[in-house]
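Next come two complexes built around chain A: one with chain B, the other with chain C.
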Partner chain A sequence: MTTPQATMPGGPGTRIQGFRSSVASTNAAPIYLVLLAIFLAAWVIVSLAGRPFLTIDNLTSMLVRSVALGIVAAGQTVVILAGSLDLSVAYLISVAALVSSLIMSGDPSKIGIAIAAVLGIGVVVGLTNGLLVTKLRINAFIATLGVGLILRGLLNAAFDNFAGKVAPEFEVLGYGSIGPIPLSVLLLSATVLGVWFLLRSTRFGHHVYAVGGSEETARLSGVRSHRIIIGAHILCCLTAVLTGLFLVARIRAGAPWIGPDGGYDLESIAAVVVGGTALAGGRGGVWGTLAGVFILAIIDNAFNALQFNSFVKDVVRGVIIIAAVAIYAQRERRAGR
Partner chain B sequence: MTESTAAVAPSAPTPATSEVVEASLLSRIVRGVREAGPIFFILVVLLVLIVMKNPNFAKPSVFLAFFKAAAPLAILAAGQLFVIVAGEIDLSVGSLITVVVTSAALMIAGNPALALPVIGVLFLLGALVGLINGLVTTRLGVPSFIATLGMLLVLSGGIFLLTGGAPRGSLSENFRVFGRGNIDGVPVIDQLPISVVILLVVAIVAWWLLHRTNFGQELVATGGNARAAQLAGIDVKAVRTVAFILSGISGVIGGILLGGFAGVSAQVGQGFEFQAISASVLGGAVLGGGRGSVPTTIAGALTLQALFTLLNLYGFPTPIRDAVQGMIIIAAVGYASYRLRGVR
Partner chain C sequence: MPDEPAGSETAPMPGPAAATAAAPSAAATAPALTPILEMRGITKSFFGVPVLRDVDLDVRAGEVHAVLGENGAGKSTLMKILAGAHQPDGGTIVLDGQEVKFGHPSEAQNAGVSIIYQEFTLLPERTVAQNIYLGREPHRGPFVDTRAMGKATAELLRSLNVEAAIRPNKVVRSLSIAQQQTVEIAKALSFHSKVLVMDEPTAALSPHEVAALFERVRLLRERGVAIVYISHRLREIFEIAQRVTVLKDGRKVGTSEVAATSTRELVKQMVGRDLAHYFPPRATPGEVAEPRLAVRGGGVTGLLHDINIEVKRGEILGIGGLAGSGRTELAQALFGVRPFDTGEVQLDGKAIRIRSARQAVRRHMGFVTEDRKIEGLVLPLSVRDNSLLALRSLGSFFRRGTGALTIAELLRTLELRGAGLEREVRFLSGGNQQKVVLAKWLACEAQILIFDEPTRGIDVGAKAGIHDLMRQLARNGAAILMISSELPELIGMSDRVVVLRNGKIAGELPPGPTESAIMFLATGEQDVASAA
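Right, the complex of A and B next:
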C-alpha cells in the first residue's frame, strides 16, 4: 500500500518544478568562489609555513590527483544525477589498469587492443550495474557494492602484485604534454566538457535530470527511464576505465590496489556531493563536481605540505564533506524546496 | 496469500492481536519462518554442507564456536537493521568497532580494574556517535550515506591520531572474556560461549524493540513513508535518531566481542559496515526502509558467516569470499524484489 509514495515522497508536482529549476541553475558559480577562497587560504597558510605551494611541481601533483579523481567523478556525477550511484568504480579502475598493462606487456603495437579491451570491460560492467538496478530492481548501493565485491575477489585471487607493463609510448598519456599543457589535463578537460555537453545539450542529458528528479514522473512522461539509467551506468564505468588507463600510464604497470587505495569509490561520490549535486538525484552538474575535486585535492595538498598527520586530514575531510552537504541542505530548505 | 500481503506491509497494525496471543510459540515460529522465506533454508543447507565436509562441526562445542565467531556480525547487523528499517544507512559502524577496540586497549592498558569503567565510557561513546549521526542526518538534512561516511573518516582519522598510527596498550583478560570466554559446566553442551549468551540477549531485546513496541511500529512507519508517518503524529526525526543510537550501541557491543575474540589491531573493524548491511539485506530488509525483521537479519548474518566457513573448508582463497559475498547479496536482493513485485 505504501510502495508508490515510498519511492517519491515529494510528490510529482514538486519534482517537476525541481527539474526545471535544476536545468536552469547548472550555474555553479558559488562553489567556485569557495574553491577560490580555499585556494587562497591554502596558498597563504602554506607559504607562511615556508613551504612551496605555487610551484610547478606542487601544482602538477595537485593536478595529477585531480585528473584521476576528476575523470571518474565526472561519470559518477551522471549516475548520481540519474538517481543511482556506483560503488564498483574503484575496483573497475584496478581491472582496467591490470588488464591494459597485461595486454600491452610493453608492446606498443598492442596499445589499441588494450584500450579497446578495457573499454569493452567498462561497457560490460556498466551494463551489468544498470541491468541489476533497473531490471532486477536491486538498490543501486547493494548492486554496485556486490559487483565491486565480485571484481575485488577476482582481482585479489588472481593478482597480488604488479603485473604486465605498459608500452613506453603509452606513458605519454600520464607524462606527455602538448606545448605547456599536460596531456592529462587535456584528458580531464575533454571528459568534463564531454559530460557537460551531454548533460546540457542532448536529450539523454535532459532525461538524466528528469529520471533523477522522479523516475515515476519521467516514465509516465514517456522517458524510457531504464535505458537512461543503464546509459548513465555505462558512462560512469567508461570514465572509471579512463581513470584506470591514466593511472596505469603514470605507474607503468597495473596492480590490484590502484583503485581501492585511491578510495575512488567513496571519494568520487564525496567530490560529487561537495560540488552541490544532490545524492538523491535530479539536481546538480559536472562543473560543481570539478570544483569539488579541486577542493579535495587542494586540502590534501596543503595538509601534506604542512606535514600534518595524514589522520588529521581524514578528520578534516570528513567534517568538510558533511559541512558542505549540510549547507546545501539548509539553503534548499530555506528556498522552500 | 494473506501471509505474503502481511509481509509486504508490516507497518499495518495487525488487526488480530488476540489471534497472535493465542497462537502457540511453535506455530508462530513456523509461520515466521515461512514468511521470512528462504534465508533460514539457505542457512540450514549451508550448515549441512559444512557438516558433510567436516563432521566435527556437528559437535556442540564446535557448533557453538561457530556462533561465537558469528556473534559480533550478528549483533552489528541487528543494530544496522534499525537504521535500515528507518530508511537510512550507517557506514560508520566498521570504524566505530576499530575505535572501540583500539581505544579500549589504550585506556585499559592491561589493568583489569579499569575494564568496567572503560566499557561504560565505550557505551557512552557509541551512543554519542549514533546521536551525532542521527542529528546530522535529521536536523541538518545531510543524507545518511554522506553523514555516516564523514563520521567514518572522522572516527578512523581520530583514533589513529590518538594512538599515533599503531594500536597501543592492551586489553585485560576480564575485558576479553566477553568475546572469547565460556561458561563451564553447562549440561549437555558442557561449555557455553559468553558471546553466544550476549547475542541471544541482544537478539531478544532487538526483536522486542522492533516488533513489539510502539517505537518499533513508528520506526517501520517512518521508513515506509516518512511523510505519512509525520502526518500521523510520529516524531520522525527523533525515531530516526534513536535508530542511529541503537546502531552505535550495537557497534560498541560488537567491538567489545571482537576485541576479545580477535584481539587488538588497526584493521579489526574493516569491512564490517558492508557485511552488516549485507546481512540485513540477506535477511529481507529493504534499503529505503519500512521492511525488516530481527530473526531473519540474524539468520542473514549467520548465513554470511557459514558461507565464509564453507569457502574456507573447501580451501578457496580468502579473496573469493568477496566475490561470493557479492554474488550472494545481488542474488538475494534480486530474488526479494522479484518476489515483492509478484505480490504487488
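Right, the complex of A and C next:
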C-alpha cells in the first residue's frame, strides 16, 4: 500500500480533519448530488406542468413533510449502524400520539407530564426491543415486528379513531415558527445534529460503529456490545416518540392509524438505506439518511403536485431505493479488499 | 511506550501500577518467582466435547511464558478463558493473589489482562486510532477526545517505527495485511497490562518484522509485564521465552525452563512421538504421471499475477506463503469462486474455462476449504446430507455411472468412525468433519483436489489420518494441491512446494525443503536467525 501523502508526519490539524471525515459518513457526499439531481428534475417537471415548485410555501411544506420521517429515521440510522433495526416505530408513533393527546385532553398544564409519560414509554419499548435482540438472541426483524404487533393489538383494542386532544399551546410544535423558520424544522435539525454529534464524538457513537461492524471484535476489545445495542434501540424509540409528538401537535388529536398510515417503519429504513448506511451495520451516517428523507419527500411533493396516480409514485420510489442500494453494492465491491 | 493519553480514566493499568506490582529493576534480570497469574484446573467443553481438561498454568511477572501445542491442543481456548471471552466449566484463575472471574473481556482488561488474537480483530471501516483504542477511547465525560487518541496512536506507531506508513486516521481497510498486523500489535502494546497474551502474533510477519516485534516484547518483559506467548514455531520460543508449557489434546503435558529443554524434547511432548514417523512417504517418481490441471499466466486483478503452475496425477503440490500472499485466492481462482481474469487454465492439456464452483465440480474438482464450518459443511445437516451436497447439486440424486458405491461405503473407506449417517455434522470432531467434506467431493468422483489448510483445528491423531488419506488419494491417481501455513506439514506432505509472495510465484522448491528456504521465498528476506 503506497501512500504518497503518508511520508509527511502530518500536523495535528490534518489528523483531526481525518478523524472527522472518517466518522461522518464518507458516503454522504454523492447522495447529496443525487438529491440535487432529483430536486432539479422535480423542479423542471412540476414547472412544466404549470404547478408551483420553487416557492417558499412549497419548499416549507416539503421540509415540514420531512420532519416526521426525518426524526424517526435519524434514530433508525443509529440502530441500523449498530447492526440491528426497528420495525416497531410506526406503532410506537401512534402510541405516543394517543397517550400524549389523552393525557393532555386540552389542558396546557398537562403538557409536561404528557411528554414525560410518552418518553418513558419510548424507553420501555426500546429497552424491550434491545433485550429481546441481545439477551434472548431474537433476530431484530422478528423481535421488533413482534413488539410492533403487540402495540398494534393494544391500540386497536382500545381505540378506533381520534381520542383526546392536545393543548392549544402544544400545537406550536407543529405550526409555530421562530422568525421565518418553522419550529418543526428546528426540531428536525436539532435531532439530526444531536445524532450526528453522538455518533461522531461520543464513546457510545464510536461503539455503535464498532458493534455494527463486528459485534465479536467489539466484544473482544472490551466493548459491552449488548449495552450498545440496547442503547441504540432506546434512542431509536425516543426518536419515534418525538415523531409521534410532532404529528399529534399537527393533527391536534391522537389516532391509532397515525404511525402505520405514514408507513414510518419501512420508510425510515428505506431512507437510511438510500442514504448509504449499510443495512448490516457499521458503515454510514445520519447525513446520508437526511438526504434519503429529502429524496422521498421531493418525490412525494412532485407527484402530489402533478396529481398523478399514487401507484406510479410507489413504482418510482421502489426504483430509487433499489437503484441506490445497487449502486452502493457496486461501489463496495470495487472498493473491496 | 507512549504516555497515557490525557483524560483517559478507564484505560486499564497504566505503566506505573504494573511496575509497582512487579518491581521492574529486579524483574529485568531475575523474574519474581511468585506467579502473578495462576490458572488452576481449567476445564472447558464445547457441545459436550472436552477441549481443556484440568489445565494448570502459572506466569511470573517479567517473564515470557510460551504455550506450545499443535492446532486443536486447546491453546487458544485457554487464552480466551484468561481474557474473559469464554467462561471455564471448572477451575480457578488467581491474579495478583486474588481469585478472579471474568464474565466479559472488559473485566479482564480492567484487571490488567489483555490479549492480541491470532485472527485479526480489526474493524475494516474504522481508522487505525479508533481500532487501537476501541473500548478504551480517551474521553472527557462521554465525549471521545479524538485529539488525544490521535496523538497517543501516533506516538505508539512512532515507537514501532511505522509512523510514516501507517497514520492514525487511515481506515484499516486501506492497509496491507502486514500493516494490519502491525496495528494489531500496536493495539496490544497500548494496553499497559500486567499480563499480555500474544496468540501466534508472527503468523503473517516477515523475519524483519518479527525481530522488531521481539524487541518490543523484551522491552515489555523488562518492565515487569508477564507475557504469555503462543506459537508453534519452536525457534521463536527458544529466542524469546524463559519457560514453556506444552499442551496436548486439551491436557497439560508439562512446564519446563526453556534453557533446560530442547527442540526434540518439546516436539516429543507436543506430538507424543518423533517427527520422523509423522508423515506418510512421498510419491515415488513412477507414481507421478501427466499434468492434470495447469495454469498459464493466470491473474486476478489486484490479487494474483502471472501464475504458472501445474498439478500432476499422483502428486501433492504444496503451496506456501505468508497469510495474505494469495494462497487462498489461488485456490479460489482455480475452483472458479473468484475466477482468473487473465491467463489460461488447462485440464489434461486442453484449455478450459471455469467461471463458477459448479463448473469446477462438473470437471471433477473438489475444494476442501480453509474454514470447513462455514464453507465446507452445512452444520445443522446430517453426515449423509453433507456428503451428498455436491452430488445432488449436479442434478442427480443417485450416483451417475456405476452407482455401485454408496455414501455409507465411501465413509467406511474414509474410516469415519463414531458417527452415524444421520448425525448432524456440527456434533462431529474436526477430523471427522474433514472426512465428511472429503466424502462430499469423492461422491462426485473428484480427481483434482484442492486442500486449503487441511488439518486446521484437527487434533494430532486425526491429523495423521487426514495426511494418510491425502497420500492414499494421490496414490490412487488424484492430483492434489495443498495450501498450508504449517511449515512441517508443507515440508512433510508435499512432493514439490511452490511459494507465493504478494500474489506472485516466488519460487519452487524440491521435496523436503528447509523451513528457512520456504521463509526466504515467502518473505524475500534472508532469515538472520537461521543463517547465524
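Everything below uses one rule, namely that the second predicted complex is superposed on the first by the 309 of 337 C-alpha atoms of A that agree within 3 Å, B and C clash if a C-alpha of one lies under 4 Å from a C-alpha of the other, contacts with A are read in each partner's own complex, and residues count from 1 in each chain.
One rule holds in what follows: a contact is a pair of C-beta atoms (placed from the backbone, for glycine too) under 8 Å apart; a residue touches a chain by one contact, two chains touch by 3 or more.
The structure presented is a predicted model; accordingly, all values stated were derived computationally and were not measured.
Asks: Between chain B (first) and chain C (second), which, if any, makes contact with A:R317: first, second, both or neither?
Replies: In the superposed model, A:R317 contacts chain B only, not chain C.
Asks: Going by the contact rule stated at the top, is it chain B or chain C that touches a larger number of residues on chain A?
Replies: B
Asks: Of the two partner chains, chain B (first) and chain C (second), which one does A:K110 touch, if any: first, second, both, or neither?
Replies: In the superposed model, A:K110 contacts neither chain B nor chain C.
Asks: Check whether A:R283 is in contact with chain B, with chain C, with both or with neither, and answer first, second, both or neither.
Replies: second
Asks: With both complexes overlaid on chain A, does A:G148 touch chain B (first), chain C (second), both or neither?
Replies: Touch partner of A:G148: chain B, not chain C.
Asks: Pick one for A:N139: touches chain B only (first), chain C only (second), both, or neither.
Replies: Once the two structures are laid over each other on A, A:N139 reaches chain B alone.
Asks: Go through chain A and flag every residue that touches chain B in one model and chain C in the other.
Replies: Common interface on chain A, chain B vs chain C: 1, 3, 6-7, 9.
Asks: Can you tell me which positions in chain A touch chain B when the two form their complex?
Replies: 1-3, 5-7, 9, 132, 136-139, 141-143, 145-150, 152-157, 266, 269-270, 273, 279-280, 309, 311-319, 321-322, 325-326, 329-330, 332-333
Asks: Could you list, by residue number, the parts of chain A that touch chain C in their complex?
Replies: Per the touch definition, chain A meets chain C at residues 1, 3, 6-7, 9-10, 12, 14-20, 22, 201-207, 209-210, 213-214, 216-224, 282-283, 335, 337.
Asks: What residues on chain C touch chain A, complex-wise?
Replies: Of all residues in chain C, those touching chain A are 83, 85, 104-106, 109, 115, 117, 121-127, 129-130, 134-137, 139, 142-144, 146-147, 149-151, 154, 163-171, 173-176, 179, 302-303.
Asks: If we count contacts the way the header does, which residues on chain B are in touch with chain A in the complex?
Replies: Checking each residue of chain B against chain A gives 8-9, 11-12, 89, 136, 140-143, 145-147, 149-154, 156-158, 160-161, 165, 224-228, 274, 277-278, 281, 286-290, 317-327, 329-330, 333-334, 337-338, 341, 344.
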